[in-house]
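In what comes next, chain A is part of two complexes: it sits with chain B in the first one and with chain C in the second one.
Right, the complex of A and B next:
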């Protein structure tokens, strides 16, 4: 194809910065924000501030004794091997659970996306585990994973497989805790990812089909990058949630066997309500918050920031 | 490059019969425009050529190969979508090279082809930009660039200029036509805009209700529309259609409702007493002394010519006068159609009455 003419391009579109309309009397709007600001302060900022305040005291709940120790609680925790073990364990459980939920959620969401009939019914059925209260769900799971007489053991025994001690063996207890979280929160992941996949412009998918992309390439090279901010959002939300993972572990293993499933929140609970070291527990809470913030920031900056914006 | 043959195509969406036995032959290197009102099935037909919709019946061939069962990626076609369908997370370069990288073409080959397409379309300075950083016209160029780099046998365009403003649309129209003249790739172009169809096509296919009303060269459709639908769809302003009967006593005349008589269009054949529609294009009427007595309602000067919107016995009649007109609303004038360029249709069937 011999081409000798260059078609001239018009000038680059100059994107004028959008100016927000600012009402002259913005101060009059403050009363409207006040009720929600008061509620936010009472139930969010005050407890948080109070927890930070308590973390600087050696405060015992049983005796009521309280002495200012500065960063003493933090120094104690950071020098305690149990804290580091819990942190690593929590991190491992969070990464495994959220990773499993994302992979399973994406696979099911992709399946639902390609399905033409029965999507709504399937979606509803799959969302059921997420509707159940975590403690109730944990009780169900305890019956399923219970040694010898549990549902899973019965099935495996019926198949001639000798089942492991799901809740008694340290390694299997961690696996069970991860599976329990995945069972409950994969539906949320499915819902969000399925909704996200449906927002991708159909003509982009058709263009990719014509370009020669197969289903896998369309998913990973066109659709997922298109919903990158949503992926970052759902992973961050679930990560923050999983860091607070408490209720199901409390019912299933209570952090055991030994401290095999003791996460940071389980350790915080033990410090506050078993050892009554409220000051130290508050310091641990603050450290957990910092760890979550750090991870969330990493996730948002690595996944959430699209190439497009950085260009 | 290849020809495209469409024969006996039928398509249903649920209970709706959207394509009803369509046959179209598009020659190698031809620029074919499918035109028609919304819902006429033109986009569905294009999507069937692309392989994005399956035909219920009939056969679609590209070159010598029947492609009904061939997936879109193996049809050797490229498509430009109405909303461009650019991948937002990819740069212009990545958008244009995506198909080639999927086909595992050598890197150097990809670079060369992208550079050549960018040069043709004047996209060189924008290769590292992302779609959102481009104007509508530039995005449309990228979409075309994505099609060009693949060097396909057939280009498919699905209303590619609909999202552009009027001025840019006219500019892009010329660019697409110019591109086709250089690349000579068989192209199928869908639009609802008859001006686009007239200016761009080698062949126009006018569709309505899932059937082809007429296919042919633009001027053939303009000069010899087979029915009143094509007659009024092609040409702007639309052709005037005036009901009348073939005069019994005055042979060779059409007596219009209201009493006026007009000479029988050249080459038309009708029986005395037959109810007809007399068709005259606004641009083929002149202000004269014998013909259609009308009252001027609105005068619209456009600079190059003047549109006269007139009334004849309750019916609107439009005339385009090349010269500047001194007519005023309320004036009574006589419009004289050119019998050599007038048309006659059967009032009952709407079909052309030609010898």
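Right, the complex of A and C next:
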């Protein structure tokens, strides 16, 4: 079918007849996949399998002692209140951060959509926080929230307000961590949602306007529903990434004060690289993965259900 | 175009968005100002907005504190990662984009789910394997780790470019007698060259920004900038100006990147570049 159209084009007409017995779709393509497949297998799948294997052992990195415990590590973790606290805490941080990012992102994207001048420049400038090295971004924020000398504290002190200990108080530390994630990922939401809003069919919007819909109605009744698959996709992506959020927390609070901001990822890191309980840490990693998959499945089914295509 | 705001409220909207942008950029500007302030100005309360700038700390941190060396490590690792990752990823993406049937879709979906794995779960076996193979604190360990985690992204992004090239072009080349490899290298690859650049730059950024694996796999000889600044920064306020200078320096290549890539940001980021 496609070959016929090509043959009719003048450039290739002459060479055609002799080779027609070997159509392009029968070409051998698997060699192209080979190098990447080898790398992905050896450095991605094999280590993952190894991690799952490790999770069945009581393996101490410092002493090298290793004993098979079956599901012992999993039973330990599931029976440990600390795991459940971490899980709930991670969930709370992820949901607040992603929720905040989505709301702020949508508001700004809608603003950009309605704006007619300077959109490109503003979009580019507000995007900067998203591509800064995460560790550097966390430091920038640390210097805002640092006690006494930080920018926020000096401003508040100037206004005569006694500032809370942003990074030292358990409650405020969680707020700070959420704000830090929001600072880095709201630009991402803005970019994706703004691009999405621009794909909405203009004739629908005009029809709604003729019917007397105002701006807010157009956004929530017409535009959002029509980019629903994109919203489902971006929320799922973001949730999954936020679940493994590590760099920023490591630099900002290292999970502290106490364990106020210790997410599952931080707890895994501490188990593996501070306490050297590699087996148990792997089990925790696997449990985190299961939690993420469950969350993603719920999200895709609830938001993406009505449309079969997800972006 | 009718959903755009009327002229009167345009000014208000513009003002509000400018304020938001300013708020988002405040931490960066504050850090930059800290990096060019004398300590006496940096710790002034209320914050000083007018002061005599000094670039002494920038010079000190890069020249005397060894950050130039960390920059070299970062660049060597990021560049090798991009070379390997983009070469093999591009080939795989081409193969997948030209395959028919369910297999290709299945592989692409599998890759996407690999991208979602918590990196922490990989860091543990990477560390143990690297230790076992005596590769801790060597470039190859870090490069291999980054190539592996870069593969899903590279393949997805390149795939999106190859899909845009009509299959008829390959078929025409095949009819002219080109084999699979000639078709790939001489016909299709030149067409997607812009996409290749975009993918390479995004992979470069990903490798440059990576922290967790660098924390676990590098040591004194191969330490990258993110690990160095995380160790250095934030701890002692005496180093505040110095680490601010380092942090600003680390950000400069990224700003260049952003200027180069502004048109391609959506495509790359929707697939999860950067973090």
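Details
By our rule, the second predicted complex is superposed on the first by the 279 of 311 C-alpha atoms of A that agree within 3 Å, B and C clash if a C-alpha of one lies under 4 Å from a C-alpha of the other, contacts with A are read in each partner's own complex, and residues count from 1 in each chain.
Here is the rule we go by: a contact is a pair of C-beta atoms (placed from the backbone, for glycine too) under 8 Å apart; a residue touches a chain by one contact, two chains touch by 3 or more.
Everything numeric in this text was worked out from a predicted model, so none of it was measured.
Touching more residues of chain A than its counterpart among chain B and chain C is C. In the superposition on chain A, A:209 contacts both chain B and chain C. In the superposition on chain A, A:139 makes contact with chain C only, while chain B stays out of contact range.
Applying the stated contact rule after C-alpha superposition, one finds that A:226 touches chain B and leaves chain C untouched. Of the two partner chains placed by superposition, only chain B is touched by A:217; chain C is not. Contacts of A:302 after superposition: neither chain B nor chain C is touched. By the touch criterion defined above, A:63 lies against neither chain B nor chain C after alignment on the C-alpha atoms of chain A. With the contact threshold set out at the top, residues 2-3, 5-7, 9, 12, 15, 206, 209, 311 of chain A are in contact with chain B in one structure and with chain C in the other. If you check the complex, the residues on chain B that touch chain A are 50-52, 71-73, 75, 77-79, 81-83, 85-89, 91, 98-99, 102-103, 116, 119-123, 125-126, 128-130, 132-138, 141, 146, 150-151, 168, 171, 175, 178-179, 182-183. Across the interface of their complex, chain C is touched by residues 2-3, 5-7, 9, 11-12, 15-16, 19-20, 22-25, 27-33, 35-37, 39-40, 43-44, 47-48, 50-51, 54, 61, 108, 111-118, 120, 122, 124-137, 139-144, 146, 149, 151, 154-155, 157-158, 183-184, 186-188, 191-192, 195, 202, 205-206, 209, 215, 218, 234, 237, 240-241, 243-244, 246-247, 250-251, 265, 268-269, 272-273, 278, 281-282, 285-286, 288-289, 292, 296, 311 of chain A.
Residues 1-3, 5-10, 12-13, 15, 201, 203-204, 206-213, 217, 221-222, 225-226, 228, 306-308, 311 of chain A are the ones that touch chain B when the two sit in their complex. By the touch rule above, chain C contacts chain A in their complex via residues 1-5, 10, 13-14, 16-18, 20-21, 24-28, 30-31, 34, 42-43, 45-47, 84, 87-89, 91-92, 94-96, 98-100, 107, 111, 114, 116-129, 144-145, 147-149, 151, 155, 167-168, 170-172, 174-177, 180, 183-184, 205, 208-209, 211-212, 215-216, 225-227, 229-230, 233-234, 237, 240, 243-244, 247, 250-251, 254-255, 257-258, 262, 265-266, 269-270, 272, 274-275.
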